[in-house]
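Chain nomenclature is as follows: A, B, C, D and E, assigned in order of appearance, with residue numbering initiated at 1 for each chain independently.
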Amino acid sequence: MSQDTTANRSIFSGKPLRILIGFILVVNGMFPALWILFTSLKTEAELTVKPITWLPHAPTIANYLRAFTDQPLLLFLFNSFMVAILSTALTLFVSVLAAYALARLQLRGRDLILSAIIAVSTFPLVTLLVPLFEIMRALGLLNTWVALILPYTVLSLPVCTLILVSFFEGIPRDLENSAMIDGCTRIGALFKVVVPLSAPGVFTAGILAFVNAWDEFLLALSFNSNPMLRTLPVGITLYQGEFAFPWPVISAALVVGIVPVAVLIVIFQERVVSGLTSGGIKG
Amino acid sequence: MATVSETTLVTTGNESGTKWWTRFLDPSERTLAVLLLMPAALLLTLIIVYPVCRLVWTSFQNLSLTSGVPATFAGLENYTLMLEDPVFWETTWNTVLITLITVPGALFVGLALALMANLPFNVKWPVRLSLLIPWALPLSFAGLIFAWFFHSEYGVVNDVLRRLGFEGVIWFNSANWAFAAICLTIIWKTSSFMALIILAGLQTIPRSLYEAADVDGAGRIRQFFEITLPLLKPAIVVALIFRTITALQTFDIPFTMTRGGPGTSTATLAMYIHQNTVDFLDLGYGSALAVVMFALSMGVTAVYLRMIRAKR
Amino acid sequence: QTNLRVFVSSQHRPDVWRKAFDMYEAKNANVKVTIETGGNTSEQQAQYLNTVMTAKDSSLDVMILDVIRPAQYAAAGWTVPFNDTLGSDAANYMKRYLPAYAEANTVDGKVVALPAFADAMFLYYRKDLLDKHGIQPPQTWDELAAAAKKVTEAEKDPNLQGLSFQGKAIEGAVCTFLLPYWSMGKQLVSDGKLSFDKEAAVKSLKLWKDFVDQGVAKKNIAEVATDDTRKEFQAGNVLFAVNWSYAWGQFQGAESAVKDKVGVVKLPAVQGGQPASCLGGWEWGVSAYSNNKTEAQKFVQYLSSPEISEFMAINAALLPQFPEVYTDADVTKAVPWFANAKPVVETAKARPVTPRYNEVSEIIRTTVNGVLAGQSTPEEGATQMEGRLRRVLR
Amino acid sequence: MSSVSFRKLEKTYGALKIVKGIDLEIADREFVVLVGPSGCGKSTTLRMLAGLESISGGEIRIGERVVNKLPPRERDIAMVFQDYALYPHKTVFENMAFSLKVRGIPSAEIKPRISQAAEMLGITQLLDRKPSQLSGGQRQRVAMGRAIVRRPQVFLFDEPLSNLDAKLRGQVRTEIKRLHQAIGTTIIYVTHDQVEAMTLADRIVILKGGEIEQVGTPDEVYNSPASVFVGGFIGSPAMNFAKGTIHSGRVTFDGGASLPLQSHSAGKSAGLEGRDVIVGIRPEHFVPAGEGHALSGRVQVVEPLGSDTLIHFMLGSSMLTARVAPEMRPSTGETLSIGVDPSRIHLFDAATERALV
Amino acid sequence: MSSVSFRKLEKTYGALKIVKGIDLEIADREFVVLVGPSGCGKSTTLRMLAGLESISGGEIRIGERVVNKLPPRERDIAMVFQDYALYPHKTVFENMAFSLKVRGIPSAEIKPRISQAAEMLGITQLLDRKPSQLSGGQRQRVAMGRAIVRRPQVFLFDEPLSNLDAKLRGQVRTEIKRLHQAIGTTIIYVTHDQVEAMTLADRIVILKGGEIEQVGTPDEVYNSPASVFVGGFIGSPAMNFAKGTIHSGRVTFDGGASLPLQSHSAGKSAGLEGRDVIVGIRPEHFVPAGEGHALSGRVQVVEPLGSDTLIHFMLGSSMLTARVAPEMRPSTGETLSIGVDPSRIHLFDAATERALV
């Protein structure tokens, strides 16, 4: 409700302290990203100057030009984006359903199912690579987005499901009941009431899934050898040589890779979470 | 009302009083549960079950592609080999140590970050964004960037130390410093994952509880321990489960920062698995290692799950 | 109509290779060649190729392989030997190449791959500084140390290092170890058996460690990777640098601080030994799962011919695998420094040709890294190395 | 078509039996009020009827249909929840429109329905707010409105007015009554408010510990409570109870005072001779001394209500409460003499606590 | 030391002014009841006093201290929330023990305090449950218990009994009264229940739209309402109002009927000559015809309450309600003749709606 009362809620109160905290947070989170940004504006020679420089001496956008001209960076972005978005959507859909079943319905062996889902994430990916490749080949999916979307979905499914389970358990049953009396099916109530009310959880799960897909390298390298289908992490490695590692150009490419994620996240954040306030329930 | 009585008329005579197709909309709880779990189950089966079966099968085989001999059944040989393999023990120990240091580390830092990010800042997005950026930075690049930060000459860390009048440290010349650098990096990188989940949990705690606690006389600290923390427990356990599993699989950051060096003092089990499968092409042994890692992860997960269950 | 899919790394000028392929297609109307490019480092390629090959995938016919890999691929049965195509004079056929390449591509008498192009480690030095102080390029490591001390002391530039080499636990560190070891005339592996000379190993490790202790090399050498050496030299902060051929092009590039101030020579020898360099370069292998093995082998023979070698030297500045191509007039005109490169490449030795090379490499690089970081003494390092190598190469 | 019937309805939570076999027939268009002490299973019963709680035993019919297995959506019921259950992410308008939208009613029709309901509940100016911006009473009215716009076969109200002030409550109560008369929907209504129960109900059902204690018209339950429990539960202030024994047509309280059993025919009182009874007297049935047979006791507390005065006084070991005219203000400690109309006395068996006819 | 005073207290939400300058002095040990229509700012005022809502203007003192900036914890206040606000992860016992533990009270002392409070509220057998396993009324009692165990300087109750049944409510109400008498803490109590307000309050504060309409003892607000609003708000069923004009010591209703202004001295009624007034008559001040000056009207609705009967009838264009003896059951449509005691009539100015002395 009012600003100051919410502020009182926290261990930290007081405006100057809050600004300090904000500053710490931003530095902690942003510093490496800023460093990449600065690096992307430097020449390679500036990187070996001692003592090191923080801000670029003579900022140059040459690295960005190279990043875009040496490799089809926009194509990488597009592929990454599509794969990430589609697998996020699929992950959310599948895990919302599963989480609802686990959180609300009477299920025998619920803990067993939960453990099984978690167990999935306990195998190191690299050891599953070859059999996965064989599956994708058998399904004729090599060199398609789907070859990545499916495993990425499975990769994020456990964590998303568990997050959603804990959120769904926190939604008062009467809200759902109310929706069912109002004429929804259970599934209707799930999507019309439970999911919107778990928006912070769905949002978090979505981010996790998105970033998981956005960052993945190994599968993307192995399953999509077609240059037209390369994703960003694979694409960025193309800027390096066997030995040469041109930090400034790679930094530029990284910046280009991070910015859309950042923008997307910020937009979603404001959209999804701000519209939500509690208080429909008593008790 | 009119429409209502109409439907009732139409459906009289039907025993349950519903049209046949509505049964699909309202299956019994158990059927519904099964239906809802179906997509997840299908995906998991497709993507995971076959590979994992292959993995387990391979772990009982003598399958080293570089040996030039065809695969033979090896029984538990790969497993007994492991017991005598000093590198296995060293990397396992390193992995456990990394887990023991970075999981609580990330939890504390992540909790602090989440609490801080939950403050009522007038402008929220920079704070939220700085929570997300570490998470959004590709893992392998995070390792490279931090390797650079900890570089003895061109690194920011030493630069700051020198500016403060300290001697720079050659981080990667010493097992301990290198280990510290790696742990710091992992904590930095993963605390935002923790923070994200915890933050989401924080947003679901009703404000009125804090008000009640205010009136009850509990101070901020007390409220934190008596209300925030217990109500965050489910979120924290979820975060811990996955953070622990990924900590046990730590690969990219030490790989890019030190390659396990100096010597093998910072090599992890996952790096060793990777090495055995990808570099040495010893698929049998690599699979056996992976199975052991899986067992380790499952053990930890079981403990956490018991924690969740205890809550209920 | 045969369709050949060729895996080429995208750092090895696929555009120029394409032209070479076009020439082949022009001559052989029934063959079509398509290029597949993969990750840029040897590691990323290995990652990708391992997956594809372990899955027995037939989509690739020809692959370019780092020089250290043919033995491993052959042992895994992933490549087809050329002996059937080459017939009985396979050995003769291989004699055309630089000897080290014949060695690197022959496993148990079988030709498992054919060289695509060459590479080796060079000693780069600052011509301007040596000239200024009246010093000749060093012949031995001791001379190098003396020269480095003299110049750095005289220059009084705190940023100037005497020598830069690779101490990080990467593949480069293997060569670091082998350079003095080979120079003492020792082999690590002969006939697939370990022939470890512990004394030479200690000397080799000690040599490098002493450079660090004497201040010839940086204290943090254990974190120096190949490209760090290149960058620091390029920035003018290094007097001597051990590096691969790729560095030359960069040193002479527009951004370089040392353009036209760079000399390149053979690597120094140990006192009383022969100079030795570490062989690099890439090979063409034919996939065992290919559906067009014969066509593919024919194609590879074409690719590994002097003509194409010359073509690639002129158009892509890739070092030739044939000695005579270095002195070819067109080549010397296009890349004059190849004249300097030839004697170096001739001293280059292949790293141990064994299917378990990766394990050998892992042992050596971690030991070198550990010794340079001061984690263990050269003696301890050599002992460890020997013990671990024995387990691998019984 | 919208009668409701419960047959041997049961509900258990684990080992705990909460509802213990309820049998009740509610006619179409009937207005039934459910009362009972807190925790006796009222909400649970409503929830089973709505399909929100599984039925552990017995059967529920709406109209002719057994609805035991029917999902809530198909029961055509509207419910006002005790804890409101407003959708926190929707505005008041959206909260009210939700069920209509779900049922595919065109928005041209939704708007007027909602504004009409909002008008009636006095929440027109709140339609754009989120539930978190409302006061408790406002939330409750929104919850009411959400049900009202529906026009279902059966309305379920779970203490819908408990957070409203007397005036508004009176108003809304009248509206509910009018609503019922106008559309004639069957209504089941849980309340703790005596006035609501008495004025709204066609029949009142008194629950106790998961069982029906008595069913009857307001008059019946008020004038002929079937048990001490009902007597004490219906009526506010509650009925007074005192132990006594019957001797020759008189009931003698343990303090020694006695009253004649005027209303009971000789034959019956004869049957009661010598029995221990519990005597129930409603506070409003005390009359000024002299008008009836007088009792006297020491005044303990006097509570002036404005419209009346409550006098709490001791009769033997029992504390009795009398509702008298507001002008009457005895002081504490004074000995009060007050009359009782013998025909207004209720007699219950001391052991079974059931009414003695 | 625990008096409470509000000085020009204001609260705004954005542009909306919710509390508009409240001035009120509450003495130590006083029991003040806050009433007012839903949404008038009662909860908001309590929350400001508790420190849960920032104060937009004015000042609050507890004892001598200005507490505007003091955190809730330091105000030594206990509060029962309208929406309970129980800790969902703690058992009932832990919920009640929390504030004591926080204040460092030894557990040897906590136990008896809690069992005493639990006893009083009838929740002893629920102490081990979690809030989610309780019924609405049970939750409310736990919330009460949590406050009661505290023994603070000031108690704040926000509709603490709204979900209890009449019997329990009466019981708990009596307990609160006893508690107040025993420990004498200052209490501020929000309720919609007339009986609670009248019986518990030392003074009643009537709020309307964020402003104080009247402050006075129960007697004062009941017998001398300062305005039409207060008259209509206090008393249940609500006071009847009818428009009229004063002529020569009589008030004439627009239907033509008239009553003498017996109670008003000649001088005063002279000053009122010719004025338009609103006449207020409480339902309980109608007497059987013949006992007072009679009015007559057509009966609209008859509501038997058991203890009384409510008769709604038309007088001119106004609908009036009379509370009469339960035996009286005129039928709808009948013309009713009913008496009024002229000394019980309230007169309000037709324009300002304030009482005319």
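Simple rule for what comes next: a contact is a pair of C-beta atoms (placed from the backbone, for glycine too) under 8 Å apart; a residue touches a chain by one contact, two chains touch by 3 or more.
Computed from a predicted structure; not experimentally measured.
Undergrad: When I count C-beta pairs in contact, which pair ends up with more: B-C or A-B?
TA: Looking at B-C and A-B side by side, A-B shows more C-beta contacts.
Undergrad: Compared with subunit E, which chain's mean CA position is the farthest off?
TA: Farthest chain from subunit E, going by C-alpha centroids: C.
Undergrad: Taking each chain's centre as its mean C-alpha position, how far apart are subunit C and subunit D in Å?
TA: 93
Undergrad: How far is the middle of subunit A from the middle of subunit C, if each middle is the mean of its Cα atoms, in Å?
TA: 40
Undergrad: If you average the CA atoms of subunit A and of subunit E, how many Å lie between those two points?
TA: Taking the average C-alpha coordinate of subunit A and of subunit E, the gap between them is 55 Å.
Undergrad: Give the residues of subunit D that touch two or more other chains, as numbers and ranges in rising order.
TA: Only 71, 73, 83, 133, 136 qualify.
Undergrad: Going by the contact rule already set, what residues in subunit B reach two or more other chains?
TA: In subunit B, residues 25-26, 153, 206, 214, 278 touch at least two other chains, as defined above.
Undergrad: Quick one: which residues in subunit A touch 2 or more of the other chains?
TA: 1, 8, 47-48, 50, 130, 185-186, 276, 278, 281-283
Undergrad: What residues on subunit C touch subunit A, complex-wise?
TA: Touching subunit A: residues 9-11, 36-42, 44, 47-48, 51-52, 54-55, 57, 159, 225-227, 230-232, 234-235, 237, 243-244, 246-247, 250, 255, 257 of subunit C.
Undergrad: Mind pulling up the subunit A residues that touch subunit C in the complex?
TA: 43-45, 47-50, 129-130, 133-134, 137, 218, 221-222, 225, 227, 234, 237-238, 240-245
Undergrad: Using the touch rule from the top, collect the residues of subunit E that touch subunit D in their complex.
TA: 13, 35-39, 43, 82-83, 134-138, 141, 159, 162-170, 192-195, 198-199, 218-219, 222-223, 232-238, 282-284, 303-308, 310, 323, 326
Undergrad: In the complex of these two chains, what residues of subunit B are touching subunit E?
TA: Per the touch definition, subunit B meets subunit E at residues 206, 208-209, 211-219, 222, 226-227, 230-231.
Undergrad: Per the contact definition, I'd like the list of subunit E residues that touch subunit B in the complex.
TA: Residues of subunit E touching subunit B: 47, 50-52, 71-73, 76-79, 81, 83, 85-89, 98-99, 102-103, 146, 150.
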